[in-house]
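First chain A sits with chain B, and in the next complex the same chain sits with chain C.
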Partner chain A sequence: MNIFMHELRAYRKSTIIWTISLIMIVLLFMSFYSSFAKDAAEFTKIMEGYPEAIRNLLGVNLGNLFTILGFYSFLLTFITLCGAIQAMNLGTSIVSKEVREKTADFLLTKPVTRTAVMTAKLLAAFISLVITNIFYLAAASIIIFQVKTGDFSFKLFIMLSLTMFFVQLLFLAVGIFISVILSKIKSVLTVSLATVFAFYFLGMFSTTGEEAKRYLSPFKYFDTAYILENSGYEATFLVAGAVIIILSIAASYYVYVKKDIHSV
Partner chain B sequence: MNVIEINQLTKNYGKARGITDITFNVEEGEIFGFIGPNGAGKSTTIRTLLSLIYPTSGNAKIFGMDSVKYAPKIKKQIGYLPSEVFYYDNMKVMDLLKYSASFYKKDCSKRIKELAEIMDLDLTKKMDDLSLGNKKKVGIVQGLLHEPKLLILDEPTSGLDPLMQQKFFELLEIENKKGATILFSSHILSEVQKLCNRVAIIKEGKLVTVEKISTLQENNYKKFKIDTQSTVGEDDFNMTGVTNLEVKGHIVSFLFKGNINLVLKKIAEMDITNIWIEEPDLEEIFLHYYEKEA
Partner chain C sequence: MNIFWREMKSHRKSLTFWSIGVFLMVVSGMGKYEAYSSQGQSINVLIADIPKSLKAVMGFSDVDVSKVSGYYSILFVYILLMATIHAAMLGANIIAKEERDKTVEFLFTKPLLRSTIITAKLLAAFVNIVVFNLITLISLITFLGKYNRDGEAINGHIALTMVGMFILQILFMVVGSAIASVKRNPKSVASLATGILLFSYLLSIAIDLNENLAFLKYITPFKYFEAEMVMYDGGLNIVYVLISVVVIAVLAFVTYVFFNKRDLDV
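Let's turn to the complex of A and B:
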């Protein structure tokens, strides 16, 4: 419990900053919505001028872009990207920061098992993400009710928003795995940005073509158009995500417990 | 009773040297010195004892329990001071010590104050603002606050000024009298000499010897230095028991172990102007060990 509280306190500042940043992005984008919805017809014309491939790359879906949820889906792509970076940062730093700041000697000579250390750290990172999402959801709900021009399904809004949380969990798990595998990470940001953007671009280019390609990028596990149409998530992708999370975390525990902690 | 039993402990790091076949015991209530030059394998041995790294083969028992299998249980009674102290930079000293104490399930706040006073440590400062010596003090308090039965100190004196070093040694002696066993690694022999009962000497990953400090010193080693008018050839002292022979002009110096009469007779034959016969300090014996092995 003491490690958990210590870790949570260590993440407090970054959690607050990330939460506020995410909220600012929603606020900024959604404030454009009313004027944007007014000029829908003209905007559609412009967008139609773009080849379909480009529209897909940008994540623009002309069918629903001008409904409030369609518009929100569009900006959710960026929100999720930011959220993924936050989660990846958390995951990557969990173990690596002890090595980089050379505090592993302190922590691991205390009467605790490495499993307990990992669990406490993992839980603290998880709770940080949960807190981020609670505040984000609350703020985004308030914002969307302020700018709405017509009725919309609040349930669908929540379902869309939760996809960020799921993607974050995926990146958290992947981040932890990377941090136990690499012996020393000099800069968390470099590793996490590189990984997140690699997956992001992989996702962009897997929008065209076969369905199977979507499994390559966590960003494509949740298709907003599908959610809007079916009021549900795609089961196979949920399963794939869960499998990746479980495997990464199990492997991380396994490696971390067996690993030699070298001085400096 | 043995507090530490190290049994054929081996740790390989790929190509780099680790430790090979280290075997020695530390008895309860001892202050045990663990000496060797940098890179000899002192830290590797200590980190293995603490199961920060895992042995390639062999094992170690602490309080009679396997050091890997029962690591968390063993560590309740261990205080560890690493050679380089690093703690969470943005914490205050007091918060760090409280965090450290929170692992031991007993109230240490009184003890923290006590130790901080002895070591003259400001508890309100941020870790980040502390000098190397002050960080070391935090390390010392952190290692002692839960009154462990076994203290493992890895080159603990680096960064401490002589006054603090003195206080630290006094603290160690008090802990030792209260019953704590101490494993003290160092490459500075004089500090081991003052404090320890026995020493293990390690070199290039292998144990050279385990000796009582008193035996090491007494062992009939005498340090001879002779000022003579007659010319001395290298061969003049070519007798058993003479080591580290040095002839510099008319000054001859060497270490001697054996029947002292033999060497005195030899010297009596010479025309000498001055003579010094001293107990060698550990450093010289130590170097002697190293040369013998090399």
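Let's turn to the complex of A and C:
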């Protein structure tokens, strides 16, 4: 419990900064919604002048896209990217920092098992992410009710927002796994940014049609268009995500318990 | 000169990874072009009518994505983002790592001026950036050439956008090094540098969304040399080149001045 509280305190400042940054991004983008809605209304009028065939060409999703939730799913890609960086940073640093800051022998000579250390740290990271998401959700809800021009489904809004949390959990697990596998990480940011952006770009270039490729990037596990249409998540991707999280956490425990840790 | 070679050697591995990364990105990005190019002309006429903010949300742009050059102008944004992240972290870490890794007293008790050390380090970072830029240029020319079936003259365009990217790489490198010189805590330097970078990237997207923010385009470097503008609209804009040069000069100056007076944390 001491380790847990200590880690929570150690990451308090960074959690606060990340939460505020995420809220600022939502605020910045949502403040454009009214002008966007005006553009969208005008365009819908233009669209009515086109023949049916061309309208179909542009895709059925356009109707969804021009609503406030469509707009929100657009900016959610950036929010999720930032959230993923936060989670990955957290995961990569929380275990590896002991070695880097030469406090590993202090911590690991305490009368607690390594499993207990790992659990406490995992839990602290998890709670930090939960706190970030609670504050983010609260702020985003307030913002979206301020700028809305028509009715929208609040349930769908929550479902969309929760995708960030799921992506964060994925990156947290992957981050911890990477950090216990590498013998020493000099710069956490290099590792975490490189991983997150690698997956982000991977997702960028494997969008339409190719189902198999979507499994490669966690950013593609939650398709906002699908959520808006079916008000549910895609089960196969939920399972894939859960499997990845469980496997990386289990592997992290397994490696960490046996890991050779250099003292000072 | 020893410091320069030592830095080159210690960044060799990371440069290799980054180069492989940018190469893979060009390969996978161009692989996606197949899908776009088959879509044909029909949609372009329609896209022209869509308001700019809607286009930003839908991921369309003014350019003709069925042409290699048009598609490249979209791909360029992501390559630029990657290159500048590399540059910002490089500039920040190359200065801050001595204090972070507790090697600062070893290095700074050598009979060398601090300015000499900084110069050697910045030079090493500069060479790294040049290599990264050249590798990007070569991968782009090779792969765009491969997909360029209409025989568009694009190599000149690519080279020009790479010049723009190079200026921004240098800009973000000195952003990183200036932060590293000014800021006391060496651990948070790289985070702050990339934070500034991501913020300016998001700002450039926000500008696309809302025309009222157009005046902010001087603030975010991601708006300086957009591929679309560089390729179809008269090359590098001299105003932005001047702004970049001034900012680079000021930040390089800040790096030297503050580092010379820095209270090193041993």
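Brief remarks on what is shown
Operating definition for what follows: the second predicted complex is superposed on the first by the 238 of 264 C-alpha atoms of A that agree within 3 Å, B and C clash if a C-alpha of one lies under 4 Å from a C-alpha of the other, contacts with A are read in each partner's own complex, and residues count from 1 in each chain.
Just so it is clear, a contact is a pair of C-beta atoms (placed from the backbone, for glycine too) under 8 Å apart; a residue touches a chain by one contact, two chains touch by 3 or more.
What you see is a predicted model, and the numbers here were worked out from it, not measured in a lab.
By the document's definition of touching, of the two partners only chain C reaches A:71; chain B does not. Once the two complexes are laid over each other on the shared chain, residue contacts for A:189 go to chain C alone; chain B is not touched. By the touch criterion defined above, A:139 reaches neither chain B nor chain C.
When the two structures are aligned on the shared chain, A:162 is found in touch with neither chain B nor chain C.
More residues of chain A are in touch with C than with the other of chain B and chain C. In the superposition on chain A, A:27 makes contact with neither chain B nor chain C. Once the two complexes are overlaid on chain A, none of the chain A residues touched by chain B in the first is touched by chain C in the second.
The touching residues of chain C, counted against chain A in their complex, run 14, 17, 21, 25, 28-29, 31-32, 35, 42-43, 46, 49-54, 57-58, 78, 81-82, 85, 89, 93, 97, 100-101, 190-191, 194-195, 198, 202, 205-206, 209-212.
Taken in their complex, chain A has these residues touching chain C: 21, 25, 28-29, 32, 35-36, 39-40, 42-43, 46, 50, 54, 57-58, 62, 65-66, 70-71, 74, 78, 82, 85, 89, 186-187, 189-190, 193-194, 197-198, 201-202, 204-206, 208-209. On the chain A side of its complex with chain B, the touching residues are 2, 6, 10, 101-106, 108-113, 116, 258, 260-264. Listing the residues of chain B that touch chain A in their complex gives 43, 47, 50, 52-54, 71-76, 78, 80, 82-84, 86-89, 99-100, 102-104, 142.
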